[in-house]
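Two complexes come next, and they have one chain in common, subunit A, joined by subunit B in the first and subunit C in the second.
On to the complex of A and B.
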């Protein structure tokens, strides 16, 4: 084993806290305290589309989340709602409510018509809020909650002289309620472990649904939660398999990879129009879609080996992408076409896609350092230390040694001690990707000088960018990283110490299953670890009080 | 875009408006007709005109030796060098604070992060994302913003909503308005009540919204019972946000005070065309958007929409760039070879010059609005800071800070204040005290201070 690989494996062990390999059954975990996560923007949008339809438009800006353990979803577990953020959510809520109750939509979104469109109809309002509120709050509304929503709607109807405007007011209130915006997990006494607690069935349903579908539980999942059947392993298995077999699994998995790959940054990706005239907003948006389509094809449709996403030549292209990839895309409908880069083409795997190479570059040039950092942090879950605050940059500015290529410019990183530690982690990887420019286009020279695009990743040497995919595929940190991120995503938190053995167990299972993502999702979703919770010291009411939805 | 000239409003028209809306009471207006003879206070009560607070942020500091001539002791007069020459026209409204340090007590200098966090929160971060305490603008807003439509208005000209250097904590950071259109829509959109209109009628929908919020508030007790201590704090902040939204509605249900200074700007448009302003990090785009947003922000203050704001010109890594050039402002500060004759990095310096020119433009926006006997700027305290002294080496000692405005006559201006290595938190502490925040000590560890900069106090 090379020294570098040894260092990499040590880093992997440290970052995941790997303990001795476990034998026998599934290692037990104690979990962490139940959480209260804020809906992320993609989840919010997905829920609204699922409940009210894709025709509902949502404008506005969400408060930014802090990426934690590589995921915004994990950051959502500590996120607050600021006054400005609530103002935005309130505006969105009123807009959504107005659309739901509009003449175009009310016939199929509201289960009843008022006796008089100008007057309150508490019965019809109650029916609407009962059904819609259950989906929004991920549990049945309590009598108090239902009464309150109806009262708001009745009063607003009287004030505004319109039943539907009154209904919209009540719905807007639900859409800014903490019961909707936060996924508040509750616990109940665990009948199988005296003195211990477990997530209540609604919280379990929510964890499962957000994990696999990226959205709220549907009617059936809520129904088995309400009956308590979800606590039974057989029913849990049935529901997990139902969710895994649903077409909505793809939407959920897309949200996960979108989060893991930092694709929210694509929305504000810009390139210099003079240097990269072929790049556009359409290219950026389609680049995101291209990679997600490619990943879904490998891990869902083919049910293939996850590591193949790093080496597949098969992908999907649109017209705007064709201009960057220099591939003619002629689809009369302006849509997507399947495409396979030929043998010998350096486009191998998602790390060579525009969504990776352009995203981790500057506006007017590539960046081996940013790319190397992204490979390590995003795809391998390794931590690249922060740059030191005091660096002697005079060595970078030597006018006697003009640098033409990135390799020449970055050479000083490897000889300047303050830089070398981190740049040895990033630059050898990123320099191997220099045959792709800052917009994601192939090239062989920079400023007229040939590019030496040899690279190295944890002991795996490669001669040009075509080698980055195989280097990733063979790196044991890549599947381990996916395990870590998926489990974090499922629990919306960073794994805790008592879960280390379990994560190692998952890695082994993933490998035994041929690195099939669907099997890994099932393993996580059926495992007790994903739902394990500890009783928080200051939270006793739910255990001692009445179950929610029943008050 | 253009800012419409204020329409003349007379005492008679105000009274007619008040009588027209018989059930609507009006509170004291800022019309000259209602000010004392010197135009410095409200005639009815003698209360001074309100003092408002704002911050202005720019990334990547100054070019040492080419911005402000250093001094050895605090004195009147600021000697502006090339980079800061555009500010000379505002010298009498400015203070410059140099030589204040940022001791990190062994914590890492997280590049382009520790600097702004420490100067705005009084505490050095212990990670590259930690915001250990509320930023000073929010402490001021907690004290003075009650009754305003917006507690704060945050905007950024660089087009990135998350580049907002105002936060209550690491996980409580609002998005900034990232385009002129969004800023306009939020402040002067359909919910804006023109204070100089005489036919004000409370919007029934606002009343309905108030009852909706009231119903949400009723959930508080039950929800707090369901969560642990840490989450309880987050829910409390949510309900604080609800109360602020209720306050916003209350403000909109009252007839706004007639306000001669308030002129509703026209909606931003690209060169008068029916298109949105261009977006992006090209420096000319940032400068153009910043100019429009500065005028809107100043008018938002003049129109009593907020008493506190945060304006960002460039982000802390300043990704600004010139068309067709491969280096961004930030990359230039590290990789551009200094010119041997000039002694500095010429293109990075050019960006710094554009930045200080933008700061002068920002001050213009407040100075050009008449309020009372002077300008809106007279009743402002603007805290302008960056995250580094010299970006090339990421130094955080001697980070330059300006204040603009006389804070309603509470501070002297035109001073160059010398810090002699004192913690930079002295500037923030003094700013908050000037704004009336009851605070005598601010900051943690070596950044903690209770030393007001008395030299600037009147």
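On to the complex of A and C.
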């Protein structure tokens, strides 16, 4: 871009900015470079279930991701696959392919039958790979890709003497392909902005689908991407509304909140069975489900104020949860029931759920510090520095200490200069939650000593754990945090500097819309910011023509 | 002002809370307005007073039917029935039980043989209660019998079931019959007994409460080590919309001990492959509630129907061998020492005074398990605050 043109564009952008400021318009962004990210494990599982059905079982696990800007999804943009991780993915791919082509499933998952089940049938294989590959790669396969898949299937069929086993070999190859495992965003010249680039339609479709549904684009979205119609605002609006109206929105939103709330850690949550005998794996799993059901009820079914998730008394309980909450459940043998904690009960909002209080505790005791840190980092998007390397825990963990309650023990931190800075951020919040023990059970004393459960969060004082919900609800950082996380989730990256005004704009729109999440999703999904990209430094060649879909 | 700590007192009420609103079944003679406390019985055993050297059985424990059979065999028969002694005892049981003169099963037909007398408990002491008349309720409902002195010195304790079975290995503490009953219930959930105390205004002292007994259709909630967990939810067994078991007695709570008035109570039973709907006549109960409210234990005393008892013992069949028990001699002795509910025509008593010890953990008794939603009304937390205000 020449200097003159750059100045002209800057002036144009400024004028747009002024107009936007005067008219309350949407601040412009320049986005970031197009991304390339590894599917997260929940996305992988969702895609397989969507394409091949829920009956396909998936063993194995992905390599762990590094949580970035509060989300594993963002961390997936900086992921790599280890040799051991690749082995896992390969085993998963082979297992899935074998199930898809098995006798039980082939009749409805494979669109044709081979002329001879023992011999290659390139025509049938091509038909299968064309349709399935399009869904897996989130774009049509190129001729070379399709030919390669058919060739693998034919060769394997000849070797193994089974068409379906040959087909499975070809499918396994697709499932281990970077084109499937990585969401690779391609750009193309932007016809409306000379010299600029935009995401190609498939990349837009993928961003939209992963954002709202947590999975690959479906057939219709791919079709409008293929035709190029998705670039048209009217078609984009139509598709956004279709996705928002779909029942699959819930599955997508559940994946988002599961990520935001660090619920992947619940799968490995352990408690000391001697101290907390009622806590079990079933409790942990149901606790995760309880909170997700509660959030879906508030933000989707009621289309309510997002902040209500911090103060709602209404929730959903199962038998294992009833033992911890000490609430009778109507179906102790399984199933869920709606339940509303009565007025006066300290269970107010998701921060008092087991999924939060037990998750952010130690195995044998609660942790005001972990809870305070989680409140600030997860729900308010604030950063609490890690403890210094020289921190001395001996005073805190001293078994001879005369301290009986967590508040007394944590006094050590408040007088140690190296600790006090951060603990002032976490402990006043977490100490206010001490009426809930490390397993999520209510209590009023610790070691027989009454617990002082007064707390404070950013100037909001509360007298016990029932106050944490209102404190969060009234904290402006809570809805702002959701905006930040949702936008980050939508773009699978940390927001960049040029998006700050846009995020502020989103926060205002969120507030204007009554903090309704569905409206916020729509605002983000229809905004140009979600799809804005800059010229990729290392992938300039792609600007001159995407290799996609050349068949 | 009670002396217990706030925590202990709070915990004592845990089981109370959340039950009131789900107690859809209106008590027949409910106490005044109040809360409910629920418990699920975890173990239920014959109250057997056992000394270190079995002094209560001076002639030793009873001989099992297998032994009587073995004694009756000639040496050639012993060789024939046991493949020259090669068969294990277990394999001999099915022959041993059919030792009637015509091959009858002697547990199903206990009068076809005449065995040596059953060894009864001869101790002066026993667990139990005075069932036969001092309170006037059961006056005239007993046959002459020897009474025990209670472990605490109480005179006139009636416990003929202990007298009958206290010298039978399988019915003593941790004997096979007793262990099986509790283990069976724990593993398959049959014979689950719920105790619900309603109309509780003060869980430590309340002059009038109602005690309800139900059968649960749910399994125990256990921790990872198989220990009973408190605060589980248990649906009651219903038929045609009504509880299948729904006995009710009056009671009171004195210093944390529930004391019930005599009343007929039906309780579910499953053990050793036998189902029973057991009728305990004039049942009275003393149940001590733990201070944290998570558990309870107590003693129940009642007249136990003789036919029901013999149906159960007869049905034990070959198991009696490993439990070293013998149906015919028990049958004879049971009829001889039965002390309750004389037959109006024959004058012979038809029931045995009995006593049982039991343990329980707190439970939510769910009356309407079909409902998909549930409201607990006021939560237990709120009630804690109100109660200890």
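FYI, the second predicted complex is superposed on the first by the 511 of 551 C-alpha atoms of A that agree within 3 Å, B and C clash if a C-alpha of one lies under 4 Å from a C-alpha of the other, contacts with A are read in each partner's own complex, and residues count from 1 in each chain.
The rule is short, and it goes like this: a residue touches a chain if its C-beta (ideal position, glycine included) is under 8 Å from a C-beta of that chain, and two chains touch if they have at least 3 such contacts.
Here the structure is a predicted model, which means the values were calculated and not measured.
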| item | value |
| --- | --- |
| Overlay on subunit A: subunit C relative to subunit B, clash or fit | fit |
| Touching partner for A:268 - first (subunit B), second (subunit C), both, neither | first |
| Which superposed partner A:333 touches (first subunit B, second subunit C, both, neither) | second |
| Touched partner set for A:186, first subunit B, second subunit C, both or neither | first |
| First, second, both or neither for A:121, with subunit B first and subunit C second | neither |
| Touched partner set for A:450, first subunit B, second subunit C, both or neither | second |
| First, second, both or neither for A:280, with subunit B first and subunit C second | second |
| Partner chain(s) touched by A:322 [first = subunit B, second = subunit C, both, neither] | second |
| Contacts of A:427 with subunit B and subunit C, given as first, second, both or neither | neither |
| Winner by number of subunit A residues touched, once subunit B and subunit C are compared | B |
| Lowest C-alpha to C-alpha distance for subunit C against subunit B (Å) | 12 |
| Shared contact residues on subunit A - subunit B and subunit C | 273 |
| Residues of subunit A defined as touching subunit C within the complex | 273, 277-278, 280, 319, 322-323, 326-333, 335, 337-347, 442-445, 448, 450 |
| Touching residues on subunit C, where the partner in the complex is subunit A | 5-7, 10, 14, 17-19, 22, 218-219, 221, 223-225, 227, 229-235, 364-366, 368-382, 384-385 |
| Residue ranges of subunit A touching subunit B (in the complex, touch as defined) | 33-36, 61-66, 75, 78-88, 90, 94, 144-145, 148-149, 151-152, 155-156, 159-160, 169-170, 172-173, 176-179, 181-182, 184, 186, 268, 270, 272-275, 362-365, 386-393, 396-399, 409, 536-539, 541-542, 545, 548 |
| Of subunit B, residues touching subunit A in the complex | 108-111, 114, 128-129, 150-152, 154, 159-162, 168-175, 178, 182, 204-205, 207-209, 211-213, 215-216, 218-219, 222-223, 225-229, 231-232, 234-235, 237-238, 240-242, 244-245, 248, 280-281, 319, 321, 323-328, 331, 334-338, 340, 392-396 |
